[in-house]
Amino acid sequence: MKVSVNWLTLLPVLVPALAAILVLLVDAVLPRRTALHWWFAAAALVGGMVATVPAARAPVRTLCGSGQPCLYAADRVTAALQLAAFACSLVAVLLAVPVRRASRLTAVEASAVLSATAGAVGVGAARDLGAWLVLLELATLPLVALVAFRARRTAVDGALSMLTTALTSFGVTAVGAALWFSATGSATFLGDAAAQAMLDDDKRRGVVLAVLLLVAGVAFKLSLAPFHAWTPEAFDGASTPIGALLATTSKIAAVAALVVVLRSASAISSSTLYVLGALALASMTLGNLMALREQRTLRFLAWSTIAQAGWVVLPLSTVDRPGLPASVAYLVVYAVATLVVFAVVTLVAHADGRDAATDLSAYRGILRTRPVAGLALALALLVLAGLPPGVVGLVAKVAAIVPVVHQHAWWLAIGAALNAMLGVAVYLRWLWLLWQPAGAAQRDPAHPVHRVVVALGLLALVVTSVLPGTVLAFLR
Amino acid sequence: MTAYDLCFAIVGLLSAASGLLAVTTKHLTHAALWLVVCLGSLAGCYLVLGAELVALVQVLVYVGAVVVLVLFAMMVTRAPIGRSTEHDTSLTQRAAAVVVAASTAVLVGAVLVSLFSGPARRIDVAGTHALATELFGTWVWPFELLSLLLLIAVVTALALTRLRSEAPEDDR
Amino acid sequence: MNLQAWPVQPGQLVVLVPAATAVLMVLLARRSNAVNFAIAILGALLGLGAAGLLAAQAARGPLPADLPTIGALPVGPGIAIPLRLHIDHIAVLVTGAVAIVSLTVQAFARWYLFHDPRYRQFAATVALFTAAMQLVVVSDDVLLTLVGWELMGWCSYLLIGHDSEREKARRAAYKAFLVTRFADAPFVVGIAALAVVAQTTSIRAIVQHWSALSGSLTLTAALICIICGVAGKSAQVPFQDWLPDAMEGPTPASALIHAATMVAAGTIVLARFAPLLAGNGTARLVLAISAGLSTVFAAALAFCQHDLKRLLAWSTVSQVGLMLLAIAALRPGVTPDLAVLHLLSHAAFKALLFLVVGWLAVLTGSTVVERLSGAVTDHPRTRRLVAAGLLALAGVPPTMGFVSKDLIVDEALRSAADRDAASVVAALALIIVVPLTAAYAMRAWLVLTHRTVSERYQELDVIDDSRSVREVGLAEMLREAEPVDAHGHALEPAPAPDPEPVDDSPRPPIPTRGLLWVLALVAVFGGVLILSPWLTVDYLHPNWWIVASALMAMAAAAILVRAMALRTVYGDAAARLPRYVRSVASRGLDLDRVYVALVATPVLALARVVARLDGAGERGVAALPGAAERFGRWSETKHRRTPTTGLVAVALGVLVIGLLGVTLW
Amino acid sequence: MVAALWVAGVLPLLTAAVLLALSRLPRRVPETAVFVISLASAAISLVAAVLVVWRRPSVDLPWVPGLGLRWQLGVDGISGPLLVLAAAVTVLAVLQVRTEPTKGGSPALHQACLAAVQGGAALTFLARDAVLFFVAFEIVLIPMWVLIAVFGDRSEPGRAKAAATTFVLYTVAGSTIMLTGIVGLVYAGGTADLARLSGSGIPAGQQTLLAAVLLLGLAVKVPLWPLHSWLPAAHTTAPTSGSMVLAAVLLKMGTYGVVRLVVGPLHEGFARLAPIVGTLAVIGILWAGLICLVERSLKRVIAYSSVAHMGVVMLALASGSALGLQAALYGNLAHGVISALLFAVVGGLKHRWHGDDLQLARPGARDLSPRLGLALVLGLAASLGVPALAGFWAEFLTVVAAWSPADGRSVGYFRVLAALAALGAVLGAAYALRVARLVWAGSDTGDAREPVAKWPDLHAAEWVVVSTLALAVVVLGVWPNGLMQLAAPVVRDLLGVAR
Amino acid sequence: MIHAWLPAVLVAVLFGLGLYGVLARRNAVLVLIGVELMIAAAGLLLVTSGAVHPDPRRAGLTLTLFLITIAAAEIAVALGVVIAVFRARGDVDMSLATGETRVVDATDPNIPVMSQRDGA
């Protein structure tokens, strides 16, 4: 059966996908032009952002066949996720520009980043199981390779950890997808097939299990406990821009995938979705408690993302309508703040050497030695902690809690509140170091690109903190 | 009990048994070979279920490519040829693994069996032509994406195999 | 002079003037005590003037009974807090007395404490104290009463602790405030209970509202609570012990506290609630028991005191007990004017006595019997003042003390005849206390007028001589005859007779002494007040038998005391009592230790337990990071950083999620 | 006039940002410039606050449309006095910083924190939107954390940081729980407008649940026993200015929240929980009072006395009547002034003594430094409820209010609580006078062989701070009507609508 | 005609076996075998559903084909990683922690080629 294809609508996915191929071609023609590949990738990502604009304005759809619903659809929330994914990848790419590496790897790396972005962008708009699975994998597999590309012992160890978890999770996801197809009789996340299936006792059980298996499979990408164990290893091993990618674009892809599933499964009762709430609480608690005693910056950030993933998922644990946008809102705020933190870490790592940046105590007195980076870091940590002056983080937390309370899930709300406290303890630990007197270590000037990124990040945090509405606009 | 049931039971049992051996054998290479048997008999299952093309692809891709890759990996990593106890985790973990795997299987099986219970059903045999039409019609989008996935997987795998250590001082 | 047209009425002025004085003294802090004194005395004079104006207003016609203060508090529909003043004739009289005593004390303090570095604080506190008392007197609102009441407590703390270098003074001040504050807890609850039901804090409205409900349990309980508070402030049993300790304060402070202000405030408050008390036998019985016990017990202790100032303190307890007995013996429909009358007379003679004793203490250096013995003889200027005060205290006719006390006895016995339980108790106590009072007054008089030290030594010499006469033989005596010179004149000229002793000892300046004389005159002749139309006292039908027998008892007690005082070293009748009894009595029967054992020690022990618990709680909270740390360490051992561990977690997660989801469904 | 509203609320935050930037400059900014900037900002916002209270402007702008979060600012008779108090105490705290050399960080940072605390508090009191209230509620945390952790007592390493972190964590836990309550309340009430919330009829069962959640959250900030244990440590380690602001501004926000979010909108739910709240409040009064009798650290004594006083305020609130509400509001404000005074004095003493151990024998403050002594004894007197000083009215009115609780509360039980509260007042006297006896009157320093350590009396700026507060204590004590009249219509509305 | 529960049981068995293989194996390559079994289970389920349920879009078959291809891609990447790991530390033992090296025979010629000096 023929489907109508509107290439313009598919452009957000096509641009990075084609760019990924093009980078490889260019490399074949003009080998060893490292910077060129990154700037090309950056340009492609910007292009992708532009391509997303129509979807952000009005819902778009394509791949519609006769008598069947469209298999590609993007509305406001999806577009927001796509934009966020592009932006995060863009920042990661910019951060990666100055990083020295083996020249023959650059093209592959850029290509991998672009294809991972394509996957992250596409998965939210996919409405059929096939595209969903392929894009999810497209957003995962290149990242495994990217982690290993740092070519250090820890990096490949982290990559192995991530790989095995990813493969197992994919196995679970695949079974979940198959079960979904079996139970609903439909290979799409569309229509009321799930709702129909819920009317039948046997099928209902199948649908529930299918959704939960899909959730479990995606949860690995979100680093929800107990699917989180790879995170610290991978973060600690990967080079910092890739870490940023793992912490942001990859999470955005996971949330996009989750949103697609949960939207179609809205008939599922809230008590089942409390499983998600339990996952969220477990992640928050574990992440926070572990981060409390972590001394290594990147592992700290890993635990922090684990905890934050709990907050992202928290609103999804309700079948409430505002749940999805709230989750996305939190995710976006989290992504911005995390990117700023990674940017600062990259800046320091690039200027002073990775060893100097991977211990928390390295940030002692950074407020005085590198005021802009220090302020950016402080504000980003406060946003993550959800405390003013990081107002936007606080507002995001409010947005995340609203659906939970509307659902009267008080145990979830109280648990989240206690975790908010734990989270504050976590970030204050780092924040405290920023005030301390600095050591007398030699400080090299930071790379201009890093400085620009950090400064822009600071600006973004300040602007969004003053006007949180700008970043949470799609909450309505 | 129909003839199909019987056929399926036979190849199914074969598949299950070889699967069991694949995950328990102490010989590294045997595991790969049992996997071949398992996946091959699974292709038989597909045939019973009327999916010729899938069975074919299964044999070609899986048995032909995947298992070769696995064997290749074993070769490259200098896997010991004989029996070795080093491939398995500790006994307690294996016991726990049995429990976890069995309960998961029971959970999935229970749901599936209740889903597929009922009288024997007619097998809906799909022609390859119809399948091809759908594949390049309805499913063209994921199909195209799949090509990107394959491409990027191959390229990165290639890059990974050629990975060399960098000087530590460049590590920034 | 049209007083009604004034923006500020004299009724308000009596409170405002001393309060303003206090504030001014704090604000216009000067090193020169002369300036401070000028402000203080001017304030006191103006206060007296205000009281005089009030009296004039009262004399001229109807009083402006209802005066506003700071305006009603807008506290919603449940209760009205008008915060108004009410002036009646009792208030007019008492404000006058307070103003006079305050003026005298200020004047006396100028002499007594002039060189004290804290004179300014003292004078300011006295002024504030006066203001507080005046507020209690003229208040028509329980809240205002409480304001004055508590403010007096605070001022008493400052005055008693005036010499805070001394640990005893610090302790006494602390104790005084805590004991009265402890008693105030039920007081506050009591007035709250009364006010809440009446839905107003106006005293008159409360009395009116509750009069209809006399005999209700709540009323009884509330009144007993109020009596508790009064007992605390007025140092009645069981709260009596703080008052003798309060003697650590400077004497003018004692005069103020004992004579006109704090201690007497209880009488005023109970007088305001008299209509309710009169109809409530239980509350009156409680009051009678407390006051009766106090009056007898304190009189007995007063007799045994080694320190005359403490004697006066105990006598205050006893006399206030008398006033309260007058209220306890009230019959319905009778005004509490008798109690007020005794309050006035007590104010006069007690202020007088304290100040004179203070004067004598300046001269002799202390107030213990040994030092004061014969002080009056040595310093004859004080003789008449002391005599007037003690006579009034003892209640010898025709002093004011006699009039007020006798009328109370009369009234109580009459009530007792009606078999009213409270009155019976009151009558019993009064019968005992009348001779006792005479006895300790007599004892004080005998001590003070004992022969002077030189006379005593002369007598000792004579005794020694006589002893030698007895032991030395006649021959020797002859041989020891005075040697004469050739002309038969004595060799040593006879010592010239001592010149008439000139009393050049320090003394208060004339105006101050004049004020003391005013007090003395009031103490002696104030009895004529019963003729005033402002007091409704039935003085026309005295029971002469009672008067006579009371006088007889007093005389007998006085004679007994005189006999006991004979041939004692210091003319102290109490010296005949066993030493043990005297020492225990001087320590107030050691009730202080009982307080400590019953209240202070358990409370402190409890406090320690609570502090430990709180510390444990705080440590518990502080240990939470440690617990998190331990969890983290444990969890880290579980995160073995191996891919396998991660896979195990994943598998477990899948299983748990699946099971949970399917079962939760 | 709307400008005044913004000046009162936002100017301090801008000042904080500017000062923070100044403190990060590579060149050192002169201290005087910092001082002038911060004092000017505080003073201007004080004037603006007074203007706002006088003219009552209001503002309503959308902020985060997705959440329905609006910049809805305005004051009424309850929040107005608190707004002015916050601004005034900050002015004094700014002066106070000038008198005590800043240790641990730059003066600019110190002043920035004070300004930020003021801004947050002002916004809290100005907010008419429940969610904005929460956001503003959180603003004060980080500046306060920095004040305590960076500028706190450095005598024991790590103690200041631990205390500061405990404070922040307690408060964050409380306020996030409060947030869930607020969200539930807004959802149930259908509006985030604090003024209109009290009119929305929420079913009784839900009211109880919401009130429980909100009270649980707010109890930390108030603080209500047994959630008070952050307070003593925070006070003990905070610098004097921090203690003043903590006591006079931050604690007020808790009770203000209870009034705004619980007492008004959740009348029936609060009535059901009132016995529990009252019990905890009374336990707090007695508990803190007892501890003060044996506590050795002077600052901790004052901190615990805060717990006791807030217990009184909560008891008054629990009684639920108009009288109780008035008593609570008055007590709240009075406590702010009194504790600010006491902390200013005690901070000065600690500075002079190089410690605050009461067990050490010292000569009396009344002789060595008469002004300090006078201020101390005034503060203690006010704290124990001597009439004509600020503390008196609330104490007595609370007993009356608890004696006659509003409908729906067990009268007998509340009377027991009232009696216990009256007993607590005795404890209050006992510990206040204990301090007076030890510090004001002094203790026997033994023989005079050791030279008596002299310390200087209050000097210029310090004296201005202390005497202003002392004046406020007296004025509040002598003339309570003004405040009560200001609050009366609001109290009527809050309780009237619910009935 | 077929009783559909038969393939369903096989799916569950294969899934369980795969999971067991993932958990019980230390060698990374053997773990891959477990994963393959899991994916095979998913494929069988898809084919079964497509065969016994009406499936106009041939989704069961198509998705199975996709799964097989994805598995191939995964294996390729996994192979690359496994080789990199082997180069870094000389074995592919999954129960070794990050940075940890198995005690190897000193005479083992397979000394890791990668630098042991690790920046991170």
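All chains are identified by letter, namely A, B, C, D and E, in their written order; residue positions are counted from 1 within each chain.
Following the convention adopted for this analysis, a contact is a pair of C-beta atoms (placed from the backbone, for glycine too) under 8 Å apart; a residue touches a chain by one contact, two chains touch by 3 or more.
All of these numbers come straight from a predicted model, not from anything done at the bench.
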item: Chains touching both chain A and chain E, listed by label; value: B, C
item: Set of chains adjacent to chain A and to chain C; value: B, D, E
item: Identifier of the chain whose CA centre is least distant from the whole-structure CA centre; value: D
item: Distance-maximising chain from chain A - centres being C-alpha averages; value: C
item: Chain whose average C-alpha position is farthest from chain D's own; value: B
item: For chain C paired with chain E, centre-to-centre distance based on mean C-alpha positions, whole Å; value: 95
item: Between chain C and chain B, distance of the C-alpha-averaged centres to the nearest whole Å; value: 101
item: Interchain centroid distance [CA atoms averaged], chain D/chain E, Å; value: 62
item: Separation of chain B from chain D, taking each centre as the mean of its C-alpha atoms, in whole Å; value: 67
item: Shared-contact residues (touching 2 or more other chains) in chain D; value: none
item: Sites on chain A at which at least two other chains make contact; value: 1, 68, 128, 130, 133-134, 137, 141, 145, 148, 150-152, 156, 160-161, 163-164, 168, 172, 175, 179, 182, 205, 209, 233, 354-355, 425
item: Multi-partner residues of chain B (each touching 2 or more other chains); value: 89, 93, 96-97, 100-101, 104, 107-108, 111-112, 115-117, 134, 138-139, 142-143, 146, 149, 153, 156-157, 159-160, 163-165, 171
item: Interchain contacts, given as pairs of chains that touch; value: A-B, A-C, A-D, A-E, B-C, B-E, C-D, C-E
item: Complex contact set, residues of chain B against chain E; value: 1-2, 4-5, 8-9, 12, 15-16, 19-20, 22-24, 28, 31-32, 35, 38-39, 42, 45-46, 48-51, 53-54, 57-58, 61-62, 65-66, 69-70, 72-74, 76-79, 86-89, 93-94, 96-98, 100-102, 104-106, 108-109, 112-113, 115-126, 130-131, 134-135, 138-139, 142-143, 146, 149-150, 153-154, 156-161, 163-165, 168, 171
item: Chain D residues within the chain C interface of the complex; value: 162, 166, 226, 229-230, 232-233, 287, 290-291, 293-295, 321-323, 325-327, 364, 366-367, 381, 385-388, 392-393, 396-397, 399-400, 403-404, 406, 418-419, 422-423, 425-426, 429-430, 433-434, 437, 440-444, 478-481, 484-485, 488, 491-492, 495
item: Chain C - residues contacting chain D, complex; value: 70-79, 117, 143, 146-148, 150-151, 154, 157, 161, 164-165, 167, 170, 173-174, 177-178, 181-182, 184-186, 188-189, 192-193, 195-196, 603-604, 606-608, 610-611, 614, 617-618, 621-622
item: Residue ranges of chain C in contact with chain E within the complex; value: 640-644, 647-648, 651, 654
item: Contact set on chain C toward chain B in their complex; value: 644, 648, 651-652, 654-655, 658-659, 662
